[in-house]
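To start, I am sharing the structure in question, which I have written as structure tokens.
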Amino acid sequence: MFKHSKVLQYPAKPDKPDPVFAKKMQEILGGQYGEISVAMQYLFQGWNTRGNEAYKDLLMDTAAEEIGHVEMIATMIARLLEDAPVYEQEKAAEDPVIGSVMGGMNPHHAIVSGLGAMPESSTGVPWNAGYIVASGNLLADMRANVNAESQGRLQVARLYEMTDDKGVKDMLGFLLARDTMHQNQWIAAIRDLEEKEGVVVPGTLPKECEKDEFAHTLYNFSEGEESAGLDWLKEDAPDGAPFEYENGPVAYGEKPELKPAPKQSHNTPPADERL
Amino acid sequence: MFKHSKVLQYPAKPDKPDPVFAKKMQEILGGQYGEISVAMQYLFQGWNTRGNEAYKDLLMDTAAEEIGHVEMIATMIARLLEDAPVYEQEKAAEDPVIGSVMGGMNPHHAIVSGLGAMPESSTGVPWNAGYIVASGNLLADMRANVNAESQGRLQVARLYEMTDDKGVKDMLGFLLARDTMHQNQWIAAIRDLEEKEGVVVPGTLPKECEKDEFAHTLYNFSEGEESAGLDWLKEDAPDGAPFEYENGPVAYGEKPELKPAPKQSHNTPPADERL
Amino acid sequence: MFKHSKVLQYPAKPDKPDPVFAKKMQEILGGQYGEISVAMQYLFQGWNTRGNEAYKDLLMDTAAEEIGHVEMIATMIARLLEDAPVYEQEKAAEDPVIGSVMGGMNPHHAIVSGLGAMPESSTGVPWNAGYIVASGNLLADMRANVNAESQGRLQVARLYEMTDDKGVKDMLGFLLARDTMHQNQWIAAIRDLEEKEGVVVPGTLPKECEKDEFAHTLYNFSEGEESAGLDWLKEDAPDGAPFEYENGPVAYGEKPELKPAPKQSHNTPPADERL
Amino acid sequence: MFKHSKVLQYPAKPDKPDPVFAKKMQEILGGQYGEISVAMQYLFQGWNTRGNEAYKDLLMDTAAEEIGHVEMIATMIARLLEDAPVYEQEKAAEDPVIGSVMGGMNPHHAIVSGLGAMPESSTGVPWNAGYIVASGNLLADMRANVNAESQGRLQVARLYEMTDDKGVKDMLGFLLARDTMHQNQWIAAIRDLEEKEGVVVPGTLPKECEKDEFAHTLYNFSEGEESAGLDWLKEDAPDGAPFEYENGPVAYGEKPELKPAPKQSHNTPPADERL
Amino acid sequence: MFKHSKVLQYPAKPDKPDPVFAKKMQEILGGQYGEISVAMQYLFQGWNTRGNEAYKDLLMDTAAEEIGHVEMIATMIARLLEDAPVYEQEKAAEDPVIGSVMGGMNPHHAIVSGLGAMPESSTGVPWNAGYIVASGNLLADMRANVNAESQGRLQVARLYEMTDDKGVKDMLGFLLARDTMHQNQWIAAIRDLEEKEGVVVPGTLPKECEKDEFAHTLYNFSEGEESAGLDWLKEDAPDGAPFEYENGPVAYGEKPELKPAPKQSHNTPPADERL
Amino acid sequence: MFKHSKVLQYPAKPDKPDPVFAKKMQEILGGQYGEISVAMQYLFQGWNTRGNEAYKDLLMDTAAEEIGHVEMIATMIARLLEDAPVYEQEKAAEDPVIGSVMGGMNPHHAIVSGLGAMPESSTGVPWNAGYIVASGNLLADMRANVNAESQGRLQVARLYEMTDDKGVKDMLGFLLARDTMHQNQWIAAIRDLEEKEGVVVPGTLPKECEKDEFAHTLYNFSEGEESAGLDWLKEDAPDGAPFEYENGPVAYGEKPELKPAPKQSHNTPPADERL
């Protein structure tokens, strides 16, 4: 069960309108690695957790915070759109800068949401749940989480470089710090889980299931041997066995030929039957 | 530039037809973490790499191999569909098992592809590029990669448990091993990059950009303190500073009130103006 | 800012496992009119509200409740998947009922989420934000809301008819009641707003903008006059003017002919230029 | 069966080229609430209607008209793209206004459609059928329809404010009037159906199915009591029972703990088993 | 402008209910090559045609017919769902055949549409406009059309093999014939246009724009020379120049190395700068 | 199995940065008819081919080449983004041209990919597999292929007209030539297959399945008889039978009325039952 406080976790006030930046900021709201993604990912991971209540609680702590981040960014976008000349054709005709704003902003902000945030990316693509994962395996999911926070913080950092609005930068600075915390916590969780289950996910699969002889070799499928020079390749792999390098990858399979399809499929008959 | 060898990297021959399993196997071909995802992700990461040629080579090595895995699974699916009674209504009416196969299989295998693999998931959703990422930041992307290989190997392991076909299990055993290697290599790469750039992505952002005072605190947004009991929370965070725990999260922002919209937006006017 | 309580708003415990029903129940979680849709719709409407704080509060009240409904249904689905023989091929081969379950369930529940709920519909399509709207116009949005609650309650009612599990029916009975409340509240809000702004959205558009002579006529574009027999068509329209009925719709426009495209577009040149 | 007349229902001639406005106008053609949406929604509702032939006829009347509106807008967009310098790089380099047009227009209009309309929104997202609904319940669907016409007319009104082209405004004025009619007719239909079936959809569900004690209460899930001040909340709800307000929402459920997953799922084992 | 006749172009009456086949038949309604696709494709091609009124008329003739085919199939699906035990759990528990139907049907038919057709494919994916094309170049589009009618007729033929319902087969037999006509007409149009414009689209591009020396060579990128044995490869190409075959494809480009990104992008710095 | 050569098939070097053109060029990388589409389409067609090894080889030859084209275009886009002022807000404020670039470019290039190519279209929509087909019927698929190469070459030609960068034009000139070859080869293949199987797909369907009397008539569903004037309509159809033209299309079906739905569906009851 969730409750809402009206106050924001952190202020979300730009110094001045900027509809073009509002469009760009949509990326960290409704893009692949925006705040909707992390909120939904942590919610589903938390709800699906079985028998690991401390991690479930950690996931719900972080999920609830992230819904609050969606709220902060939605508020910031709504304010970046205030007092901007988005409907004023006459002004645009006279002033190329206004014309450029009307061309460069997200048309949805003017036509669909009435100067509000949209649940979509910076290119106007609606958010979809194909961006997220909740697998039931905590180590796998913590890796998904540290990736999401890394991509997310990278995008926030780039947006930070793309504006000189002090109010916007202030809020982005807060989000950068929270992403630092979230990267830290998921990395610490990974280290904890790897210690208990091993580094390879899933750690519970009996050894005899996999073809062990193929489990530590880098095959050189791309002509040139630059990758062979990576220092770590000369050491043991993280799971303890030594890495190997094979220059000319061998094919263990054969050339596959499929059987003809049944006549009811109306596939093209085999060439020799057509003669 | 790419060249194709006709031989498969590893055999892909089931012992017997199984159209219902063919539907399920689509997940590791064209699902969120199927082989198309890793192939495309590594290709774009490789092509976008700037100034790190050993990693670029490693990415292209692995990408090329993964296209070959798509090929192996596509071949396996095509063969699981051979000799199965997918068009034979009369048999289905007499034999409930055949009827159940005709109801449980992916209709696309009969109607669209003529007993071939489809570029889609186990629920019949077409693969889309919103599943992948190539950010230009290698550490972020290696984290995406170890996540993808973890989710992928987990799904292969589950499929392994869902069949007793020896031919299928043989190929899945090979894929499990290759996913072990790929998890190992991306983890090793992460350790290498973290050593050079720090654990928080992006490591190049000047410290003064972020609000440091919020960068190491776990806020308890979910009532109950189970998460506080996680051992690692009592230690230093991976980036070296100590973790903190705050039970009652403070709101640093205020209750946001947005300005009225301009009349051209035809939003609902403020309540007091309507009176 | 949001906080999470660990207790559910209402119990979510099925009497027995039912993976096939778990698949169907996904519709009211992650389908077009599932609980994710209403939660996200009310959140965005609330965040985008300008100058109508009572409605904003009502939207946030309801949004927060709906996130809790997502939680309840996710929990129910996870439990419908417990103790079901979803990975046991040997049993399936012997028992046609088990085989039918393994064929009829959502493969994602076995392969992707590890027996957890997915953020997707009953056909396995990921939820996407194209399902929702937040327009800045409260009357328009309240109409979206009463529609969403009507479609949602209809779907819950149908699911109610499709199971005889008492635990499932108990929770669905609670959701039916909450959807009754939500239909009631949005209808009451619509009546309130219509009184202030008129029934036609947006009520703020000056009359001279629209071609009034076309604003009350039903054109008979579908041969046969059954629609003319609707009683209400003989009365005044909701906005006060009388309805009219026109049997043979007149075309006010002409046959459009487009100009040839410029040569750089490489469209097919006009027929007479090709001769 | 459908027949096509070549003449347009209403003229669709802009005064001058405007590729940037052509991009924006795509919203009411192929966006979430564009004309394709209403045309397809009414068609499917009509085809699925069972035993209510007057409403079926009304739906088909309106559906057929809406296909004609798609045609009008497609024609208008094609003409807004005529005679505009969309391929002329040399001119763009010299003239910042032309450069701005080439940057602000939808690239599909130049590259994909050869100066024709696209079946997509103003941000270039293809139309999809997840926007529409046809439920078999007329009251539910009439609510979907009045919402669609309200959102649609709002968007047309906003576009009307964003241009000073008299030809464009003339056609938009006609569409505004038709949307007025369509809102009127669906509202009248709702009133008719509510009278027969009650205001809560579906009206056919036996009372004992729902937990009546939860059917009229507004729970205050968002801190602050602004919503309690709404006048209508002090009156009877539209279905006749009195509204209630509950400040501190009670949780009727308990804290859910899920059972461990079977070993074949390779979920993370419970924390106590891992020790 | 469009008008609707209530009579169907051809009867759409199955002999008996079959919800599982109703699910499969969705493919030719709302799948990639279903009737919605051809209807929408021909409409947009017709509306975008410039200066070729006979072809525009042909496109509109065929488009209008195709909307009528959507209508026929929607009607057939609605009837395949009539009188089937889709909500009756008690019967399903007793009768495995009923249980299998309830598991094998599209859940949307029971939950969302109330026994009506859905605008989606046989796997329940909503139709989207990314399936269609209208390019402004008639020869390109006629090729799209003959492809669509070929894929479509193939799918209808496969469905024809998957049922023994005489009523269904009767309607499919009509659709097969219409697809024969439509293949014929688009092929005839292609021959007409190729004669006027040449076989290579677009025929209007000046010869000097393309690197002619690469325009007729088959490069052997797939090891093995089976393709070299195709008879037609030894003859002139359709545009008149002789085909050539090159066994070892030469790379004309070099190994690309990208410049480092600017520091504001926070990409990984070049390896040598990190040392 | 696939191997990668580091050298490009053809040079991909622009003369100067152009982020706005980089956005447009995304269309031929990740749009509906971009290089990802043809690469994936040929791969799946090749893998699904049964008993026609020469065609399988031809498909794999072309597929492998197309992955190399994706690589070339990705490289070109990455270079068009080098040295462009995409993060420099201060410069943008001073220089309207820079401001216009920052507004007109794809925000993903700055925020998501760090100046790299994205797997998406020119409007920023992720590539998806709903664009491609592999049906098992070679003639149908060769028609899909010649369409794809026709649409693709048309788009390349339009991009060629939209730039005066010599490096970009050089690479586009190479792609134009390869698309010429690919159109030629698929047309030749179509002629070969049509000779063996007839022009109507699928050629293997027994004649008695289709209602032959409807297989050669053009029905005039669009008022006006321009289409009747097409010369080829007066000749035999490609399959040998004469075309026919019918001015007033007859309806062979009747007005469909559907049965009432069962009460458990909670559809609106029939009008006469509601009285």
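The letters A, B, C, D, E and F name the chains in turn, as written, and every chain counts its residues from 1.
Simple rule for what comes next: contacts are C-beta pairs under 8 Å (C-beta built on N, C-alpha and C of every residue); 3 or more make two chains touch, one makes a residue touch a chain.
Going by UniProt, the chains are A, B, C, D, E, F = Manganese catalase.
Values in this document were obtained by computation on a predicted structure and should not be read as measured data.
Enquirer: Which chain's mean C-alpha position is the greatest distance from subunit F's?
Expert: Centroid comparison gives C as the farthest chain from subunit F.
Enquirer: Which listed pair, B-D, C-E or A-B, shares over half of the residue-numbered contact pairs seen at D-F?
Expert: So the equivalent interface, with over half the same contact pairs, is C-E.
Enquirer: More C-beta contacts across B-E or across E-F?
Expert: Per the contact counts, E-F leads.
Enquirer: Where the centre means the average of the CA atoms, what chain is farthest from subunit E?
Expert: Ranked by distance of C-alpha centres from subunit E, the top chain is A.
Enquirer: Please work out the Cα centroid separation of subunit B and subunit C, and write it as a whole number of Å.
Expert: About 28 Å separates the centre of subunit B from that of subunit C.
Enquirer: Go ahead and note the Å separation of the Cα centroids belonging to subunit C and subunit D.
Expert: 10
Enquirer: Show the residues in subunit C shared as contacts by 2 or more other chains, in ascending order.
Expert: Residue numbers touching two or more other chains: 1-9, 32, 48, 50, 53-55, 57, 60-61, 63-65, 68, 75, 78, 87, 96, 100, 103-104, 110, 112, 114-115, 120, 123-126, 128, 130, 133, 135-137, 139, 154, 157-158, 161-162, 202, 205, 221-222, 224, 249, 251, 258-259, 261, 264-267.
Enquirer: Would you identify the shape of the chain contact graph, picking one of line, ring, star, complete or other?
Expert: Graph shape here is complete: every pair of chains touches.
Enquirer: Within the complex, which stretch of subunit E touches subunit F?
Expert: 5-12, 32-33, 53-58, 60-65, 68, 72, 75, 78-79, 82-83, 87-88, 110, 114-115, 125, 128, 130-131, 133, 135, 137, 139-140, 143-144, 146-147, 150-151, 153-154, 157, 160, 169, 173-174, 176-178, 180-181, 183-185, 187-189, 191-192, 199-202, 205, 209-222, 224-227, 229-233, 235, 237-239, 243, 249, 251-256, 258-259, 261-262, 264-267
Enquirer: Of all residues in subunit D, which touch subunit E in the complex?
Expert: For subunit D paired with subunit E, touching residues are 1-9, 30, 36, 40, 43-44, 47-48, 50, 57, 60-61, 63-65, 67-68, 70-71, 74-75, 78, 112-120, 126-130, 132-137.
Enquirer: Which positions of subunit F touch subunit C when the two form their complex?
Expert: Touch list, subunit F to subunit C: 154, 157-158, 161-162, 264-266.
Enquirer: Hey, which residues of subunit E end up touching subunit C in the complex?
Expert: Subunit E residues touching subunit C: 1-6, 48-55, 86-87, 89-90, 93, 96, 99-100, 102-104, 106-108, 110-112, 114, 120, 123-126, 135-139, 193, 196-197, 202, 204-205.
Enquirer: So in the complex, which bits of subunit C are touching subunit E?
Expert: 20, 23-24, 27, 31-32, 96-97, 100-101, 103-104, 121-125, 154-155, 158-159, 161-164, 221-224, 249, 251, 257-261, 263, 265-274
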